[in-house]
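Comments concern the structure below.
Per-chain residue numbering starts at 1, and chain names A, B, C and D are given in the order in which the chains are listed.
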């Protein structure tokens, strides 16, 4: 089998930073070639070179053996390279059909052929097993549905090469499964598929070959048969990673720190939920199961309409994030870029933001607990890597940004009793993941309650002391530490709700 | 690691250059003024220059707060007009009334600022439209109240705020009251933005309101107070303008755009998140030095607009290029 | 299952689903008719009264059409007022009453608008200067050169040209027809062509549009050129209607801020990617019926300003208030 | 100095290639207005708004109509105090004649030519008007609209004119040349040859203002007086004061300040006060603040006027026309007096606001002084 795509000796530097250093890569028709690497390893840069967003400094790209040099994404697209982007590139106020055809609208006598658009969009979505209406506005879709539209958009062109950059990051396990099936089908149709993922089980499930990049260099490319998860991880991190998931707490959890009884809202029904000091409660569920709504309710972002919330036994009112913060809840948002960082402010100011938000408005920004030494200490404690904590946070990698945001809440130590982590490791590389799990465990061991809301099943199972599974706005059931992924999935799908769920409610 | 510290150094150099750019423009323009008119080097004339520039600088400092929060305040000029007209009508030439009336002027400013803030924060009207609306509204109210022709008169103790020059002051020679007020206001603005937790909140809100909210920042109060500060600074500027030159119906015309321009020349990023009071100060001084220079050159009035446009494009264009090169 | 989890692609019903233009037009009609009835000037609801009303929409409507394009791609054009003045003056200066110069003068004005639009678009799209600053500056430059070069009325347009602004077809004034035709063309372009779809894509998500293979800069440039052409046509219309252009008609008409206001009132998002020309036409109708109603009630000039300010805010707030999240 | 002139010249050349400025130097009109200034007015003594300077009368029998009448007025706008005082005068006159007037309908064009054309159109469509008064925003722009109105109604134009003879009469004071002549001749008479005068003006390009400067300039040239600068200040007091300060700082002695409109005269004087210099000879206008300052500081000054009482005349003319009485026409020249040292005291009224125009002829009208903002 010959390679459809070949990239030889690709180098790309930004200023003095070498993002790619003589990387070789190829992909054959009908294979899934997975690229693994930490954030900043150069995966996205390599794909941007392929997609025509960047021009390489050195090396060449060959498509069907012919050298190509893309000046603009338009050319790459025309050449049959199709990319499902990690960052959603959709238009919220346009319909699904219009989005799928962005830039490739069919015309008839010079006019948009909307009927053809609708029909072809429908058949694409059907192929993806989705029933989204083609005339729905994208703004009205869930994140998972938007991801499907994104994939449909990439499939529109009869791609020779299909690049999927963490396509399952936003999907829950169920949707991720159907996506993987689809990838398998496309493979049999002879498409060369380049697949980027941080989810190791997924990698092992679909890969034909695996390539590992590190620090902009090609480490190795091997057949799936010849690799193990451990080997991949070791190559990515550059050392052996032990104890990926930290050991569970040695002591029994203490008294309940956070209690919700009778919680109701537009998206939630009958929420009775508690988290005790020293435990990590994992909240699992499908997209739209209400687990996101639960997180937002806990942080006062979309408050409960009825029910009672207590923190350390005291009833609290959570009607705004500010109230929640004041009540002692720390919140790590899932969408770092949109909800986490203030990109143009310094690392230090980002870490200080909550303290500054809660301090008297006219007090010094660096007074008392907000002193520069204390922030720096906190940032170093979190192992945030930056040349200078005074630089803008947007210059840091995603993992370091996430750690800085955790530091933001740690700065409020000891007045934070509950931490709510939403998708704590989405888009974060393996090494940084492990560090974040360690931190969560350390926070719990200090006597706090941790609520971890995640779509990543291995993470839920690996980290949680207790697993709460949600289904259609209700708590479907609860499972102990170390439960099987399958059991979680059954509850999430509503299959096993009857047995366990009722037990828990009583 | 080395890569990161390189960029870090680059950003630090950059922020230094950011301030310097407006400063450089100012120094160059003022040097040109001095070439034409060497007596502008006299302390007294420089003080007089500052006295005249004071309202614009104060407006720019207030506008900066709104710009940093991610918005615009187009209603500033109308507030200046309102202040000048209201002062003359309420005081009616009676010096006893001055301080009471000044207090009520600030109350009016507070009301306008609150209105702007509420419309933007709660009614979710984009600030460019919201403050355009209040601009029309306030201007109309001021004119309707005065019947289109100002009534009453400003007594000397009010006028002195913008007009009086203290002579024989140690160190500086002469010292206009307006410059004293300018120094106080600029220090206050600097303190509020760079030396309080509030200032950091404001920057975060302008940078990413959603993230700021989730970090516990009271986004709406922060944003509303930015509009209030802007309106209060417009009141201060209005008092100085009324003091400097007396009552007129178009005292504030066009000042809002000049204030925005000053901030932008001073390196503030439109739509929020980056900017400094020192930058706005030198931005306003540059703009004012430009006006003075053009006066001295005796260019046709009309071309002064053109040159202002060229300077704006140059200032913003240059900062865009600098940023582009650094990333 | 009473839970309110909304299914994919559902159709919601309610006030928010009534298209903005419909609401705005209804509001305009109610205001106008109420004013006419209350003040007893029911003959303003006649054909003549209505054409008079429509005539009031022409200049602002033409600018608004162009402005819609700029705002749709997420930009904005503050230079339209200065360009209107420039075009009006240039047209009358070049014509000097000579009918033979009508076509060359129009061509020159269009060429000028093309240049101004290209400069605006270039500064915004290729140089990356904030559109408010870029177009404010080009406006200042234009206005300055104009007032310096033409201190007084620069000649007059040809009588035949002037007649165009005052003649009608079946009783409908030609300028109203012009606005209607151009609005139709603009609607057609935005709704029915690839170019239009691409403008929405560029405005709605510039990064996404680029990844989808669109040359984003070109569309921003094109939108600015269209905005300038809109202002140009408005300037040409005003030159015909006023016989000669003065260097301050654009500024006095506040066409820059008012055109932005009507576009936004018509439901086009300042952030781009949402809205259209029907909303703009609705917005200009609202402004015109307000104008006419104020006249009927004999509202004092200053009070008029107050009311207009309040209405601009209220009209946008009615829809904006339901938005979740923050605006700035 | 050289640097300045080179820079100025370069810029001027760069921008002025397309320069096209209408000439405002019409010697015939200059001469005519100079004569009118000394012409004896005809009409009732002490009521300059009913007087006229020479000219023909026009027969209006064909417009005769039974009252009471609806008078419609399309106003350019009320964007400056002069127009505000004027509009009050007109309303005052209408109140005085309220028995004969059913309604005075006023549409305000807010300074927009386009809107004024529509306003006139809608007044015609409304069908209520018996007579139409127009104060045009711009001469040329309003011509077609006025022509259309003439076909339906008697039309009276005042302040600025239109390029058509169709209105029954066009009411205006002597004019801009007259204004310039009065002020400049006074200044020239007080200064020696070679003295310096600074001209402060509002905006370029407005006919009624440009003629004032053109007349003044030619008189200064004739008298050998240097015009050291001509600056536009948009009626902005702060700008006026700054501009004058800049001129003072140049170190050139300013012997006189000539102004094409008086609203910022006191601001110009303040610049001299602040610099500790003696007051210059100055020409202002008939606003109270200037007159008071003049009296208080014993200035050498004159206040020519473009009297606001001309706003009363259109109502008087309208009623006369509808009565079929002949009126002065097609041009109705009103007298244009100046306030001098001798007459100064009689024009000062401490009750009135600072920017009130003394030649309003409104002292006897109902509602004075409250309606004009007085106490």
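Definition applied: contacts are C-beta pairs under 8 Å (C-beta built on N, C-alpha and C of every residue); 3 or more make two chains touch, one makes a residue touch a chain.
Since the model is a prediction, treat every value here as computed from it, not as a measurement.
S.K.: Can you list every chain that touches chain B and also touches chain D?
M.R.: Output, common partners of chain B and chain D: C.
S.K.: Please identify the chain with the largest separation between its CA centroid and the CA centroid of chain D.
M.R.: Farthest by centroid: A.
S.K.: Can you compute the centre-to-centre distance for chain C and chain D, using the mean CA position of each chain? Integer Å is fine.
M.R.: Whole-Å distance between the two chain centres: 35.
S.K.: What whole-Å value do you get for the distance between chain A and chain C if each is reduced to the mean of its CA atoms?
M.R.: Between these chains, centre-to-centre, one finds 43 Å.
S.K.: As a quick test, compute the distance in whole Å between the mean CA positions of chain A and chain D.
M.R.: Averaging C-alpha atoms per chain gives centres 72 Å apart.
S.K.: Whole-Å distance, chain B centre to chain C centre, using C-alpha means?
M.R.: From the centre of chain B to the centre of chain C is 30 Å.
S.K.: Chain B: which residues touch two or more other chains?
M.R.: 148, 210, 213, 300-303, 306
S.K.: Of all residues in chain D, which are in touch with two or more distinct other chains?
M.R.: 15, 78, 204
S.K.: If you look at chain C, which of its residues touch at least two other chains?
M.R.: 144-145, 147-148, 300-302, 304
S.K.: Run through the chains and report each pair that touches.
M.R.: Those chain pairs which touch are A-B, A-C, B-C, B-D, C-D.
S.K.: So in the complex, which bits of chain C are touching chain A?
M.R.: Within the complex, chain C touches chain A at residues 1, 3-6, 8-10, 12, 191-194, 196-198, 200-201, 204-205, 207-215, 269, 273-274.
S.K.: Give every residue of chain A touching chain C within the complex, in rising order.
M.R.: 51, 53, 72-78, 83, 85, 87-94, 96, 98, 101-105, 107, 110-112, 131-133, 135-136, 140-142, 145, 153, 266-267, 269, 288, 290, 472-473
S.K.: Once bound in the complex, which stretches of chain C touch chain B?
M.R.: Against chain B, the touching part of chain C is residues 123, 127-130, 132-134, 136-141, 143-148, 257, 260-261, 264, 270, 300-310, 312-313, 316-317, 320-323, 325-328.
S.K.: Within the complex, which stretch of chain C touches chain D?
M.R.: So the residues of chain C in touch with chain D come to 41, 43-44, 46, 48-49, 52, 55-56, 59, 93, 144-145, 147-156, 162, 166, 238, 241-244, 246-249, 252-253, 291-292, 295, 298, 300-302, 304.
S.K.: Which part of chain B faces chain D closely enough to touch in the complex?
M.R.: Residues 35-37, 39-40, 45, 48, 52, 55, 88, 146-153, 163, 165, 241, 244-251, 253, 292, 295-303, 306.
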